[in-house]
Structure formats: structure tokens, C-alpha cells
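One chain, subunit A, appears in both complexes that follow, with subunit B as partner in the first and subunit C in the second.
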Partner chain A sequence: MNRKTDIVVVGSGLAGMSAALTAAQSGKKVTLLTHGAGTLAISSGCIDVLGYLNGVRVADPFESMATLPAEHPYSLIGGAETVREAIDWLKSVCRKGGIDMAHAAEEGNHTLITVMGTLKPSYLCPDSFNPDCLKDVHRAAVVTVENMKDVHPGLIIDQLHRYAELSDKEFMEAVLPCPIEHAHRNITPLDIARHVETPEGMKWLEKSLMPYAKLYPVLLLPPICGMKHSQQIWNQLCSALKVKIIEMVSIPPGVAGLRMRDVLKKALNAAGVYMVESAEVVRAEVEEGRCKTVHTLTASGEDAWEADSFIIATGGLLSGGISTAPGKAWESIFQLSLDAPADTEAWSSPDIFGSSFFASMGVKVNHELKPLNGEGNVCLDNVRFAGRVLGGYDFAAEKSGNGVALATGRYAGMLAGKE
Partner chain B sequence: MKHTTVVIIGGGATGIGILRDLSMRGVKAVLLEQGGIASGASSRFHGLLHSGGRYAVKDNEAARECIEENMILRRIGRECVEESEGFFVLSQQDDPAYEKPWVEACAKAGIKTEPVDVKEALRLEPNLDPGIKAVYRVPDSSVDGFRLVWHNAMSARRYGGEMLTHHEVFAIDQEGGKVKGVRARNLVTGEEVCISCDVVVNAAGSWAAKVVELVGLEVGVQPDRGTLVAFNHRFTSRVINRLHMSSDGDIFVPHGSITILGTTSFHADRPDAHEAPTEDVLKLLDIGEVLIPNLRSYRILRAFAGTRPLYVAKGSAAGRAASRGFHISDHSEEGLDGMFSIFGGKFTTYRLMAEKLCDLVCEKLGVHAECRTAVEPLIADPSPAMMEKAAKYFPVHSVPLVANRLGDAFPIVVEKAAAMKSNPLLCECEMVTRAEIEYVASDPSSHSMTDVRLRTRLGMGTCQGTYCSLRTIGALTECRVPFPLSPADNLRDFLQERWKGLRPALWGLQAREMELGRAVYAATLNIDGARDEQKN
Partner chain C sequence: MKRRINPDKCVACSTCVVQCPVAEVTSKFLGPRMLGPASERFRMLNAGEDDSLSYCANCKNCDISCPQGVEVSNINMLARAEYCRENRPSFRDWILAHGELEAKLVSYFPSFLVNFGMANPISKQILDMVGVSKKADLPKFASKQFPAMFKEYKQPENLTKRVVFYPGCFIKAYAPQTGMDLVWLLNKAGYKVEYPEVFCCCGTPLYTNGFEADARKNAVKNLEELAAWRKAGIPVLSLCPSCQLMFKSEIPAFFPDLAENMESTALDDAMEFILGCINRGELDISEADTSPLDIIYHAPCHLRAQGIGFPGLDILRLLPGVHAVNADAGCCGISGSYGFKKEKYDIGMAIGSKLFDTIKDSGIRQVATECGTCKVQIIHGTGNPCDHPLTILRRRLDKKTTK
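So, the complex of A and B:
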């Protein structure tokens, strides 16, 4: 089977979805092929843009962008202006989809609260994660649900008190009874968020929070305020209980990431993007430096997908966009070499969070996000890369994962849309 | 100042074995260990309870010691030894001429060997190379070194033996040609402790030469590094050896749900040369493929290394050719009365080594009690009533595992679990519940999450700590276990320790797992940033 569209996007993480939606909004016919759900689905759903530069906390991510090295994805796509535009665009997509995203009250990053009681700089977050209201109060309750193994108020409070700005606040532990059947199984915020999406679950949450809401002006919760209707549920809880609720950033499964993914999927559908799930691209046909088709593997055999241009947003090691073997690393579909040091020990830093080849390996591209060969020349003229598959940055240490995915995905979609 | 009769330096299998033996004979003893219990070679090893087959041709005496001790440990340490067996396999690359002398040497040492039809062997071990030429069954088995040492320690404590972990001995005091005591530093608090005593036993393994240097003497102990690779699958049911002259990378030892392949042998310049180089890992994969052709398809969990305390008599060969037998020096022969060193040997023979050493010490002290370590089990079997009670508070299928792991502490942990509102499983890979973690963490020998990991095996399974470490530090912080490090620092150290084991094999599936680990702990929880931003 051979199908033809204007643009084929591979990967449905934040980068692939941003690219596909942008290209479709500019009038192109777009096919999105994807194997899995991407890391957005397991992440916090907050858009980290830039939190640290060489291990030093940045005050304003956009100001600091100017000092990034030339090969950093942000530098390649034009820096602060391009990134800001992408963020405004995402905000409007989310608003239409029912999630209000919030900037920090002052210039620069938010300081989000995590379920470990650590603080994390991030630029844009759903309203329900906005921690600003904590500044104005002295007391807050830290809430968990019985048997939620990954959320311990005792740990959170111990940790929060270690930060100068929170050391004099009074926090109280609160444990809500578990509203669902579990039998030895771990209860995750996702389980509860799904329950809260039901009228019965919503009633349970409101009722269980009531006694704490009477005593504390702010309640810190794991991300459990619903799924599809999270914004409404959160608004309703805050006004009914007359408190501010702050959802805390949690580890996988990613509740808020799933909420955002859902909004983006609906937008893709509305924009006419043809999305094929459980479709793994296993190879590509390349002729004279241009990609002709990419091929997916299904039970019935191989399907070929033809397009004028391709956007590859297949993620990093975790999602399969990058493959490795002793002394070798390559991009998985076109087998572009990533110039790995032959000595595997030189890949990593002794510090797990230190900077290294391992932390920032990825495809080298030019300012149009087209891949470069060893000599620095474009080697695939109608192919662009976006998101974690790109090299030149360490999303984990910098706190820039979703920021780079969004900005490069949108930029690749815009460029392909103009062709 | 504290006084005791004997001070033992080193908390590996040998030192703890000695503490147990002396305590059972009624001799007062204190053991000092610079790290945690069994943090040296006794946990950085292959976990093979040798049948002796490996040494039969080259060192028949050592082989005999192995088989005798093997049978004893299966009895006294049932909870620590897997009920499995071993195969010796003649691969296509091995010299068939070795087969006959090997069978004869095994018979001479008292090791039962039984030829197994190749077809039958392949049915039992389908991952073996179909081209293998001959197979013998031997009484090899897998031993959990960490647990065995701990069970020895529990037994010793029951008899009044004392141990101080994280205490490094830095001086041995003497007067008039006789030892007077030792001085040690508590590495957690920085405090100094002095203990006066009549006898000092140096059981410092690869560090033995360094300890002897403290009194200005010399012993021929040479650290020899061996690298091991742990895979995330049990792809053989039994221990698999190559039927050839002992060499690198020729043994697979299955433990629970994982398999360990090893080992290499390189001269090490330090006793703590615990870095496992990629070069060794690749070499092991190359050699291992001869027996298990699809070896590279399995995910590597970690690579690690230990150093063997090899005895080299002056002028003789080091490395594999050096003796695996053990040696005891009575330093009174060199003019220092009351000091003994014991080194060399194998984990399998730790009990015998301890017995011989304690015989000498008792003779010196004029104590006539007999050694009973070969007959008395390390721990008593839990009562059926206790097992039944445990099933109410632990996942039912994990009860025997938990009972074996905890030994003496099992009833205490069951009571603790019974008193808790609920006893959730914190580590799903290794079936560790909150009650067990809280108990182990509050033991005076635990100072960090890494200590808790070593004893419970928390974070040693498939997820390598990515999921269980957050909930563990949460539970520990909540029950206010007083660790010197902050929760974030504790967690960082814990992850750092796991990272060390993965760096030499950072490709394929394990590289993927590490990207996830960094994403959870740095991108989501920012514990890297917390380092500078939190005050402690």
C-alpha cells in the first residue's frame, strides 16, 4: 500500500503533535505516524523552557537563551522570539481545549512543587499547578490519599522546609481515605484523577477536603483533580471550598501530561491530521539526498507513506528515536551516526546528572532543522528533526524538555508548512 | 576505653565467620568494619557455592575443601543457598583431552560428577549452544553472599558478639612486642574509638597488607580485580561452567530472577579498585557467547567488580595461577605477639578459614571450647504459626522469601507489620515491604538508603531504583529514621551508586532505562538542582 500526503510526521510526543498541528493549520495535508504515546503522556505536563545553564539557576529563561551555545536547538531556531511565539501558540491551543496555562506572576520561571517536596523551575504550567498563591499565606495542608505510595506528606514537608523561602511556613499532613478498590496494588494519582472525573469521585474529593479547607487557605495535592475536565473540576473545588489548590508535579504515570495530550489529539483531529497509532516506522527510502517514503510495519506487512517532506520527532533513547550499541549511537530511522566516542566509558559523566555525551546525544541539524553529515552539509533535504531526537542539549539537567519539543516541533511544522 | 578479648578487623565473610565462631566458643570479641557488613569482596563476587570442580585439576586440596564446605553450608545456611546444581560443559572450543583428567580429579577430591546426555542437557538448558560436546552434573549452587554474612552476624550477636560498622581501624597499639588494642574512626560521625584487647585478628581481605603495614610488617596479599555482569533474566536454571582449565568469563550463576556472568582477573593496584571497565564487560560478552549464543539480547542490569585477596608467596605467580587456598600468619613469629592475619581462600570456605583461625586464637588464650559452626544452623526455622501470621501482612507468595532474607529478625518484622495500618510493598521487583524497610533502616548498622538496599535488595531488580527509591525515602522520612543525609542527598547517593554500575554498559535497553531515571529524578523532581538550593 502506498499513501501520499504533503507532510508525514513521525512521533506523537509534544514535538510531533506540535509539528503536525502547525503544518495542518497552514493548510497542508498531514499524516502523523506513531508507535507509542511519547513522553508527554508520562510527564508532568508543565512546559520547562530553561531552568539551569551549566548547573546555575537562570533568572529569566528568555534572557539566558542568548548565551546558549550555537548548536543548542533554541539557538538554531532563532532563540527567544521563536520560543515565545511557540509558547503563546500552545497556550491558545490549550485554552481552546479547556486548559488554562499560567506564566509566573513575575518575569521568569515558576517554582513548581513536586511530590518529593523539591522545587523545580518551569516556565508554563496549568493553572492548577501555579504555586504563586503559596507566597501570600503562612499555612498549608499537604494532602495525599491512603496507599498512594509515591506521595508522602511527611517527606514533602521535610523537604519544603529546607528551602529558605518556605522554611517559616506551617505545613500540615493530611491523608484522605482511599475511595477506590485496590488490594495491595499501588494507588497512583492517575487512578484517583480518573475517579474524580466521575460525579461520585468529585463529591468524594470535595467532602474529604472540606475539614482541611476550613483550617488552611492553601491545599497541596497530588495531580488528582480530574482528567478531561480538570480545569472545571479545579475551579469548582477552589470556589466551593474557598481555598487555593496547588497540584504537585508527580512522577509517571503523568496525569497532567495526559490531560494536555488529550487536548492536542482533539486539536489534531479537528485540523484534519490523519493520525495512525501503533505504527512503527522501520525504514525509509532515500534517493539523492531526499526521502521518498517511510515504511511502517503492520501485521499485514509493510506500508509505504509518501510525502513531499518529513518531520521526524521520534524522541530519544527512551522512545526509540536514538539507538545505541557499545561505542555506537545512531538515529533509528535513517541510521544517521551521532558521532559517539568509541570508548563507551567516555559517554557518561561520573555524576549521574553531570553533562556528557550520553545526556545530550542526538541528531545534528542546521538552522532549518535539517540533518547534517560529518562535513556539516545537509544530508537529507526534505527531512527535519524536532524534539528530544535532537542533539546539543540535556533536557534533564537544563529543565528544557517540553520547551525544546514544543519550540522545535512548531518551528519544523512552520517551515514545512511554508514549502 | 572499651575492653574486649579479641578485636577482628574486617566485616566480610571471613571476619564475621570468626566473630560467630569465637562468640560461640564464649570468647568476647568486637568486629570493626570500615564500610557496611559485606561491603568488600563478600558481596562483590559471583555468588557461586563451589563444588570444587573448578579447582579439581589444579589444586585438589582446595577442591576438597570446597566440596566439604559446600555440603556444610547447604545444611547450616539453607536460607542462603539456592537448591540448584551445576553443569560443566565442554564447548566446541574446549580441549576434549581435559575431560578425563578432570573427572578423575573430581573423584579424588570427593566431588560427585555425573555425565548428562547432551540432548537432555539442552532440554534442561535450552539457551546453551546446541554445538556443545559433553556435559557433567556437579553439586555447584548459588549462594546469596550478603545474606549469608548477615545470618552469621545475627548468630554472632545472639552469642554476644559485637560489631561496629563504618569504623575504620587506623592504628594498632603495641607495647613490649605485644598488641594492646586498636584505634578506629567512626566514618559517619568522625569520632575516634579506642578498644583495648589481647588479640587482634586481621581479616581485612584485599586490605590485609594495608592493615599489617600499620604495625610495620608485610604480608603477601595481592588485590586482583574481577569484573562481573548481572543480566535482568534468569536464562539458565543452574550454574553453568566451561569444562576447561579455569579462565575468564566462563561461569554463569543464576540468582533469583537474574544471572551473573564472570569473571576477569587483573592485577589491581588498590584493594578498592571496584570500577568495572567497559573493556572487561565486552570481553565477558565475547566469551560468554560461546556457551549462550543469544547472550547479547539480554538486558544488562549492572557491571561491578571486586578484588580477590590473592596470596602470593614471595616470587611466585599472581593472577589466576596464584593459589586459591588460604593462609594464616601468626605475627608472633615476626616478633608481634597477639596478632594474626588470615587471607586468601574463597567465600565458599569462609567457615573453615574461621575455624582454623579460631583454633589458633583459642589455643593462645587457653580456651578449650570446640568449634560448633559446622553443626549449628545459622538461624532457627520460623515457626509455622509465625509463617501463617506473616501471610496476613505480606503478599502471600513473598513470605518464604522474606523469612529467609530476614532470619532472626523475621518475627520482629512480622509483629511490626501487624502493628502498622498497612504494610505496602515498596519494592515490587524484590518484594520488599514497608515494615522490612523500616526495621532494617532503624538497625544501628544502617546509615543510608544504600545500606538499606544492600540488606533488603531494594532497588536491585528490574527498575534499578527508578520507582522504588522515591517511595522508600518517603516512608523512611515519615517514620523519622535519623539518617545523617537529607532525603534528597540520600536519594542522589543511592541513584549515583546504581549509575556507577550502569556506566560501563551504557547501551541498548539499559541506556533507555537510564534516560528514564534521569528524566524522573532530574527533569521531574529536580533533585540535582535541590543540592545547592536546600539547606541541610
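So, the complex of A and C:
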């Protein structure tokens, strides 16, 4: 079948959802095609804007943004002002959906605590992740749930003590009894968060934390304070127990990422975005530098999706937005070739935390996020790229993944919405 | 020959774990990633089967959410078929799998007797003892089933174009009027409808309950008939998302040898076909009733898995006076016969609670969905009226039907 709409967005990660919601809010008819649920749902739900620059920790990401190279996505879309606007917009979307994001830290980035006992710079986090209150106290309990996978207070405390700013704090291990009996699988923070969303789960958590709340002014928890009503549950626990609770950033499934995705998905539906799942875009019809249709694969052939403009937020190598073969890399839908070192050995770096081509390969775009050919000219006039499919930055080394996804997705949606 | 799906596309990202409706409400289920691709590696070593295999509802939300294109649910269903070759499924599962045969038997008796026979407290207790939950509302047999109804119906003469209808067993036994609504609409659009009685159950309930050989027999019969019509260039339409999914992607996955001789084993979607009729001007909706009607639409998981959007919702939105919203609240929890099973009933209801709450909170009475068992579950969970989008379309177009 062939269907027509104003704007087609491909991908339902943070970039695609931000683009689709922004375009729909400006009055456009938007179809969102997605193959898989994107990575937001398994992520931390925190927005890392810029954590490191050339390997050095950044205090204020917006101050440092001015020093980024011209081809960095932030520089292309107008720098700090554009990125700040996107952050404020996401905060308002989250607030409407029931999640309050914390105020920015005084120095710029928050220093979030992870369930690995590491500290991680991030600009925007839910209230419940804000670690500021730890600065004013000397004692805190590190809490886990019996048999919970990947959250081990002993390890967390050992790790935290290696940081100068935390080395003199007194941390205590606390293990809550598991509220889920006869589980047939490893219990994760997501299982407990879902349980806490129920009235009996909430009662269990309040009761189990009570003895520790009497001894410690701050409790560090895995992200288990509910799902849809996490904000209310966290508020209620803090005030009932007269304690500050900090949720720690967890590994996938990250819980807070799913909370945020559910909020965005609901907002998309309310804004009238037509979201088609199981829709893998395999090719596009292009005529004289303009995309006419993108095509999804179905069991009985192909469906064509026509639009005035397209926003491609298909992710990187792992999500399928970028394809590779030894010595070459290309964007998957339009087969735009990417600058790649001919020697594949040079794609990776011996320093696993350093910058690498694998993490930075991507589509070259202009300041409107339209793709450029080898000569530097726009090659698809009604197509914009957003999120990890973009080149010019290293999300892993910089800690800027969700920040770039949000800011470029929002910006692409704004530009397409104005046309 | 044992058929295997290579599990190595799975990168263990846990997206399916987060999106699985069963894992969300019960920790008795190992979860899609572990039961699917992870356990598959052990199955290759003949290392035994996991106890929670029967907890997979085959709702397909793992496949829908997987960014890597792993057929998680098909891995699980192939494993179940393999397990059931050695371990006979229960009598209860036989009953739930063979609804078509039961429908055929009861068609010789008056439906009020049959339904009384099924729905009275004593029968419910007996069904409960074999493992069909007495709390569940089983669908009721229609007083006249589709084959009889179709035979009696006089289609207008002089219709030059032809289509074939594949009703599937739910419409055949429980919702024949929905099938007749489609026939009425197709006639109005200028199509004569053929219904070959040789078409039988698509095999979904058989395969998911462990009756692989029965499912295969049906597939052979259905594909043979489908091929004949395809050769004649006449489209074969289906109204049921689960039947469509079986033909489109499960038959090629479960019985690749049957599918390999056909270019495509897919049926055509009746909703897409009707939408095409409207767009081509064959079906005129300008005379439709314009009285205001709010509708809340539920997209069946097996439709979402097909990646074609929501043609049924598109049709509703074309109708003047109709305001249709998408509930977008995930799985209803029934998954064919899953939610009728005694040990799964509460799981199904817990899964569906999000959808039930969304419907109740919307304040909208009229619910629409394409899937027959989703409809049963929605009515059971909310008490609201729930109809197929095409039934609503007919009501708005047919001056003779009572509203």
C-alpha cells in the first residue's frame, strides 16, 4: 500500500521521538516508522549533554560547547542556545507526563552515582537521581534487594571510596528482603520497580527502608521507586521516611529510560503521531535530489510511505542506521557513503575508553541537518538526519549520546515543522 | 528435520525483556531473551527445556520491540512444538486448540442449548477442573455459523469483480456476522465474494498449543486452495490479524518446506482492501451516517507485528462524524486461548488492566478492534461494547441496519 503524510520520521529512539513530537506539535501530520523499540527504554533516562572533552572531564557542558569543532552536531545546529531550548522542552514534556527533572547542578553537570559504584557526569536527570544531597551528609546506606542481579553494595562502596570527594563518607550495606517469591529468573531493578508501583509493593518498600532511614539521612537505591508514578512514589517515600533517596543509574534495563519512553510514547499518541512498529525501512525512492517515498518490507512485498519531508533517526552501527564492510561504511537507507579509513584496523582504538571510528562514524550534514555529498553539497533536499546516525562526534568518549539525540531530533522536527 | 532459528543475531540488549507483557506481570516466566535466543543455544546441545516454556503467550511483543530482527517468539514456538513431540499436551490444551472441530460438532445442535451447556455453573466447574478458568468468559457459539449464513445469503447479481474470503475459525463459529458485514461491504463495492468451504483453521491455536502435526495438515490444505485462487489472480481476504500473521510469517517459519514453492503465503488484508476500495471510489462513503460517534481503537499485537499500520483505524477516521482515538495501551492479555487457561487467567487480566484502564479513563463507550479474542477480553475486562471496524463501517453505511 502507498500512504501519504506531511512528515515521515524513521526510528523511535530519543531522537526520532523528539523529532516526531516536535513536528506534530507544530501542526504537521506525522508518521513514525520503527523497527524495534529503540534504545531509550533500556537506557538510564538521564540526558548526558557533554561529559568529557578530549578525555578531560567537563564541568559546564554549555561553556565547553563553544570550543567544539565546527562539524560537531552541537556546533552545526547553533550551539548552547539550541541545546538549552531542547532540554527545556524535554523537561516540560516530562513534567506533563509526571516526571520532574532535577535542576541543573551548580557547576553544570551532575555527578550521578551508578550501580557499579562509579560516578558519571550527566546534565539532566530525574529528581530521584539528583545526588546533591550527598554533599551535605557524612553517612549513607547503599541498598539492594536480596538476589537482585548486578546491584552489590559491597562493590559499590569499595568503588565509591576510591573517589576523593567520597573517600571520607561512611557507607553502610543494606539488603532488603526480596518481595517477589519463587521467581523463576534473576530479579532486576525493573521487576522491583514494577512491584513498587502496586500498593502492596509501595508498602513493602516503605516498611523495609524504615530501619535504615532512622540511621542514615541518605539512602542510595537502585532505580526501584515505581514506574508510571515514580515521581509521586519517590516524593512520598522521602517525606514519610524523612530521608533523602537517591536512585542510582543502572545498567540495562535502566528503568528510568523506560519511564521516559512511556511518557514520550503517550505524548506522541496524544499529539496524533501515527506510529507504525515492525516497519523496517529498506530503501527510498529519490528523484532529482528529493526523497519521494521510503519503503518498508512486508511479508507480501513492500509498503511505500510518501511525505513532503523525512527525518532519519535510525541510530548507529548497532541499531542498523549504519552498515559496514571491511574498509567501508554507509548509511543504510540512502546508501550514503561515509568517510571511513581504508584500513579497518584503524577503526578501533587500543584504549577502550578512548575515541574510535566505530563510535564516531556517521552521516555528514549541514547546519540544517541535511546530508552532504563528497563535494560538500546537499544531496537530499527534503531529508534530515538526527541522533546517532550523525557523524562528527563520539557519543561514548564525550558522554553526549542522549544530548545529541534530543537536540538534533528536536531541531530536525522544528525545521521540518516550519516548512 | 528439526528447524532452528539462528539465535546469534541477539546482542542481549534486554529490549524484549522490558517490553514483554508476560514478564512484566509475573516472575514465573523466564522472559523472552533467556527463553528464546539464550536457551536456544542449550537446546542445540539437547540440554533440556525450561519449565516456563508454556508461559510465552506468542503475543509477538518481543519480535516487535527487537532492534536486531530476532524472531524470539518463533524460537519459543518451535521449541514448544519440539517439546510436545515427546510430551503430549494436556486434554485442556487439546480442547482450546481444536475449537474448529468443536464448532463443527456443536453446529448440529441448537446454539442456545450448546451455550447453556457451556456457560452453566456445572459445565464451568468441569471445564475449570480440566484447566479452563471458570472466571473467563468463553466466546459464545453463534446461532448460525458462517458457512450456513453465507449459503443462505443472496449476493446481488451482475457483480463482475471477484474476491475470495478466508474467514478463519473465530468468525466461522463465534462472529459470523462480522464476516457477513465484510461480504455486504464488498458487494457494495462491486465484488462478488467466494467462500470455499475447504478453507480451515489457520493453525495458530493448534501450533501454539503444541499440535504441530494438526497445524501442518491445515497448512497443506489451506495453501493448496490459496495457490489455486492466486493462480486465477483473485485476491484472498482475511479479517483476522492472527490468521494473517500465521499465513504471512509463521507458516514460512514453522513449515518452510511448504512455503518454499510459493512466492508468498500471505493472505490479503481485508481492511487494506476496503481502504483501497474507498480510495479508488468503488465504495462510496459520502452517504454515511454523520451522527457524532467517539471510538477508542485497540490495535491487536498480531496486527502491530505485521508492520502495516492500522488500516481499520484509518477507515474509521475517514468516516464523517466519527472521532477515533488509538488506545495505544499494549497487549489485551488474551493471546488467543492463553488467557482462558486456569493458570494464565490472572496473568492475562493483569496484562490487560492497562488497556482496560485506558478505555475506562477515556470516557468513550464504543471500542473497536479487529481481533475476535481481543474483543472477548475487552468486553470481559471493561463491559464496554466492542466491534470490528468493518461492522461499524457497515452500520454507518447500511440504512437498513438498526443502530
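Note that the second predicted complex is superposed on the first by the 411 of 419 C-alpha atoms of A that agree within 3 Å, B and C clash if a C-alpha of one lies under 4 Å from a C-alpha of the other, contacts with A are read in each partner's own complex, and residues count from 1 in each chain.
Note that a contact is a pair of C-beta atoms (placed from the backbone, for glycine too) under 8 Å apart; a residue touches a chain by one contact, two chains touch by 3 or more.
All figures in this text were calculated on a predicted structure; none of them were measured in a lab.
> Check whether A:39 is in contact with subunit B, with subunit C, with both or with neither, and answer first, second, both or neither.
both
> Using the touch definition from the top, say if A:51 reaches subunit B (first), subunit C (second), both or neither.
In the superposed model, A:51 contacts subunit B only, not subunit C.
> Applying the touch criterion given at the start, work out whether A:154 contacts subunit B, subunit C, both or neither, answering first, second, both or neither.
first
> Pick one for A:3: touches subunit B only (first), subunit C only (second), both, or neither.
Second partner only.
> Please indicate which partner A:301 is in contact with in the superposed arrangement: first for subunit B, second for subunit C, both, or neither.
second
> Does subunit B (first) or subunit C (second) touch A:252, or do both, or does neither?
Both: A:252 reaches subunit B and subunit C.
> Between subunit B and subunit C, whom does A:318 touch in the aligned arrangement: first, second, both, or neither?
both
> Is A:279 in contact with subunit B, with subunit C, with both, or with neither (first, second, both, neither)?
second
> Touch test for A:269: subunit B only (first), subunit C only (second), both, or neither?
second
> More residues of subunit A in touch with subunit C or with subunit B?
In the superposed model, B touches more residues of subunit A.
> Residue by residue on subunit A, keep only those touching subunit B in one complex and subunit C in the other, then list them.
Residues 39, 184, 252, 318, which sit in both footprints.
> Contact residues on subunit A for subunit B in the complex?
39, 43-44, 48, 51-52, 57, 114-121, 146-147, 149-155, 158-159, 162-164, 167, 184, 186, 249-252, 316-318, 324-326, 328, 343-345, 347-348, 350-353, 358-359, 395-397, 399, 401
> Which subunit C residues qualify as touching subunit A in the complex?
11, 13-15, 17-19, 24, 27-31, 34, 51-52, 63-69, 248-249, 252, 264-266, 268, 272, 275-276, 304-311, 326, 328
> Could you pull out which subunit B residues touch subunit A in their complex?
Per the stated touch rule, the residues are 277-278, 282, 395, 422, 424-426, 428, 467, 470-471, 473-475, 477-478, 486-488, 491-492, 495-496, 499-500, 503-508, 511-512, 514-530, 533-536.
> Could you pull out which subunit A residues touch subunit C in their complex?
1, 3, 31, 35-39, 41-42, 180, 182-185, 187-188, 190-191, 194, 252-253, 258, 265-266, 269, 274-280, 296-301, 303, 315, 318-320
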